[in-house]
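See below for the structure under consideration.
Letters are used for the chains, namely A, B and C, taken in the order the chains are written, and counting of residues starts over at 1 for each.
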Amino acid sequence: MSDRIPVAPLLSVQGLEVNIQSPKGAVYAVRGADFEIRRGEICGLVGESGCGKTITAKSVMRLNPEDRVVYGGRITYEGTDLLALPEAGMCKVRGQQIAMIFQDPLSALDPLQRVGKQVAEVYRLRGLGRREAAEKAVEMLADVGISPAAERARAYPFEMSGGQLQRVMIAMALAAGAELLIADEPTTALDVTVQAQILALIRELREKRGTSVLIITHDFGVVAETCDRVMVMYAGRIVETGTAAEIFHAARHPYTRDLIASIPQKGVKPVAIPGAPPDLREVIRGCAYAPRCCRVQERCMHETPEAADGAACFFPEVRP
Amino acid sequence: MSALFEIRELSKYFKLGTRREEGGRNPLLLKAVDSVSFDVLAGECLGIVGESGSGKSTLGRLLLNMISPTSGQVLYDGQEISALKPESAAMKKLRGDMQMVFQNPRSSFNPKIPIVRSLHQVARLYGLSEEAAEARIRELFALTGLGQDILTHRNDELSGGQLQRLAIVRALIPGPRFLMADEAVSALDVSVRAQILELFRDMQQRLGLTVFFVSHDLSVVEYLCDRILVLYLGKILESAPADELFARPLHPYTRSLLAARPRAYPEEVREEAPLAGEIPGAVDLPPGCRFSSRCPEMVPGLCDFVEPADTEVSPGHKVACHLLRHCDKIEAGGAPEQKGCEECGASVGKEKVEI
Amino acid sequence: MNRRERMRSFFTVPVLLSVAFLLAVLLVSVFAEQLAPHDPDTLDPASVLAAPSAEHPLGTDPSGRDLLSRLIFGARSTMLSAFLVVLISAAAGIPLGMLAGYRRGILDKVLMRLCDAVLSFPSLLLAFVLVAAFGRGIGNVVLSLGILYVPMLAKLTRSLVLVESGKLYVEAAHATGFGGAHILLREILPNIFSTLLIQLMLDVGYAILDLSAMNFIGLGVQPPTADWGAMLQSARIHVKNAPLVALSPGILIVLTVVAFNILGDGISAYLDPAQRKLPSIKRFKKALLRRDPDADPGSKVLPRTRKAGEEAAHE
């Protein structure tokens, strides 16, 4: 991506820390994450469950329960520090600038309202008249591949399949005019054939509208399918960043390499990573991956590596 | 290899209610499994793939006789177990032979009972004394790579991977011959998934287990299984040895499933467009081939009228599709074209339309 | 959160007060003979409705009996009968509900329609009918109320069992080869026990109320037995000239019922982590700042730690 003109990123996250109070103790869920999303880019945030990827995304939207969460660091969206924004200002950002879709779209929609009306509601918020909003909603539903749109707009959420509901969610995000779409495991609950359709739709959005997308997933297949750039997260930190090709073929951080090696693939025996990810309630000394790492050395146990040239590792794989 | 399970014309319909039609009230049936026949060979790992709603979990439970079939038979070792009541004493005796591992290891253990205790309860159920149970659990821990110290932890302190190993230990305590895994690695993280897959393969080889592996993930099945059945709306559309199925997928549905798999690498090129639409409900099945409503190669007048019969294209490779019925190339044992045999398929279609 | 912290979050002021009050009532009713200054049934026509004095700490009732002693013995009668009511309903309702929920089918349908039939009448009205059939007396009142409490408990148990039966661990137990009795008693029961316990706790409160009502009407305990409900009845005409006599049993009834309710809520909050109270965000922040700075990778930026929405100038 060297031919890209350097422009200010759409979203930039610096030293993000998230501490959450839970009945089971304080969880230090995000431990200094740095990353950025450029305009018109599809970014993947990959990691295993409990690595803090969903909490990072929710922090960008400020959707974590505010009376239980303490933030550190900075989240800048087009020059505004979102963490310093009062709730009223945040409401304007949510939806209109950044929208989020979830793994389970059924529970994110109002079960008692027709989907067309829910999309139209978004247009109404933007000041459109009732009839105009309804027409726009049907158009938008057609745009995200729901057909026949006029008829399906009259359906209730429970009458639609998972894939269609995810399309409705995307339609709502687009109706609000969001420039950044955060998709948290958007296809995990869907079948492979439907997953392929939704990912194709997300790619199409970027091409047609220039929407930036942050896809949060544990599935490297989804990343390979859609993402330009990938961030790998482990124990609350971004351990490696790179283009999709770099991550798949020339990863530098041992964790990324091990993760890719552990995916069952045609003709290749998957290699399991020993051990389990650390508990984020606990204090971690040194590199969080050190106990499972095959390249671990004395230094890794005491010091925390800072990101350098894409990988936060003292002894990264040398790129050929 | 001899057959451990023989499944004959097995069907399971769930009654959803009744519907008024001309000529009286008809039951509204969900045909979860519809007249399915196959064998599970002793010592093999048989994979079942399908989308959600294809009936694969129901099929698994029918095999273990946890639910009674609407019609058809399940023969285990020649004995018709589907005739026994799921709760009957005779069936309970057989349960030790056939055990199950579930998708979500955390919820498959009772949250209020320490895991040590539930493992001991299983051992006692199968007549092991206190010391024998202790020894058996220790032996299985060593076999599955679990440390003894795990038993001092509370259930909620264990990770998904550890719990799935414990679930496998629980299933192995009675010394089963047959293990059914229902999406057993789907809820696990990538790094842990490989460990558990490894363990399944290892257990299967070391203990000579027969494994029935239900999954929606083709990569997992490809890695683990010897033979694969592709299920769609309660019917087997294609069954073949794993290598054969992935090298030479013949049914349009199998091909679409393979095409819909996310790329392994960003620059991999797609051969086929992903399948449109979604799996319809199993209530109002279309006439003819079940897949005809989504099939990119559907022949009007044939596929949506006549249900295709199984064709054995090569030993062990069966396909239920009209398009392959009269294909000379396949009958001659040759490799079919990637796009299926359009010429023959079309000719068959025309014939039928003319009639 | 460790066990000690959990205990601390359980014992909030209202729960502590309730526990203390209920313990006191319980102890008093057990040691009524030792604690009461007088025999509760001895009539003293010379001092009717006497004001509180050294001899009679709370005064006397319309028949000249010592009020404090009667309240103490009344506690015994009230608590004992309330517990018996709940015991009877639990002994019948829980097993029936469990069977109906697990077996389903025709048994479930018949039992639940029976419960619906009972529940469709006002419960006190049905209690009158039952007492009319069995005859007066506290024993029959306890039995009738016990029977009337069965449907609610059975329905609750059934719905809890239905929810649990759908869970994976029950299917796993079934697949492992366990039979229905094991699954019901050793797998499902431990998981619904706490909810049932809370319900029983609340039921004790309701039973005290209903028993008092029955005794107030005179269907239950017969004179001269001391009982809060009956005392309320015999003293109510004197509420103007001797308010203590008329009001004290009423106040005790209310306090006991409220205490059982608070305790029930407390237990359910203790068992359900989501309901537990967490320390305030300010205390949480302070705790974070005290954290070992060498320990965590990002903690050197912790002084910037802040709550969302605060002005950046605060840093």
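Remarks
In this section, a contact is a pair of C-beta atoms (placed from the backbone, for glycine too) under 8 Å apart; a residue touches a chain by one contact, two chains touch by 3 or more.
Source: prediction; values computed, not measured.
Among the chain pairings, A-B comes first (most C-beta pairs in contact).
When chain centres are defined as mean Cα coordinates, C lies farthest from chain A.
As a whole-number value, the distance joining the C-alpha centres of chain B and chain C reads 50 Å.
Between chain A and chain B, the centres computed from C-alpha atoms are 32 Å apart. For the pair chain A and chain C, the distance between C-alpha centroids works out to 48 Å. For chain B, no residue reaches two or more other chains under the stated contact definition.
For chain B in complex with chain C, the residues that touch the partner chain are 64, 66, 87, 92, 95-96, 99-100, 102-104, 107-113, 121-122, 125-126, 167, 170-171, 174. If you check the complex, the residues on chain A that touch chain C are 15, 17, 19, 21-26, 28, 31-32, 62, 66-73, 81, 83-87, 90, 236-237, 283-285, 288, 304. If you check the complex, the residues on chain B that touch chain A are 51-52, 159-162, 189-195, 197-198, 216, 218-220, 222-224, 246, 256-257, 259-268, 274-276, 278-279.
Only residues 48-49, 161-164, 191-197, 199-200, 218-225, 227, 244-245, 248-249, 258-259, 262-266, 269-274, 276-277 of chain A touch chain B when the two sit together in their complex.
Within the complex formed with chain A, the chain C residues making contact are 1, 273-274, 276, 278-279, 281, 284-285, 287-288, 291-292, 294-298, 301-302, 304-312.
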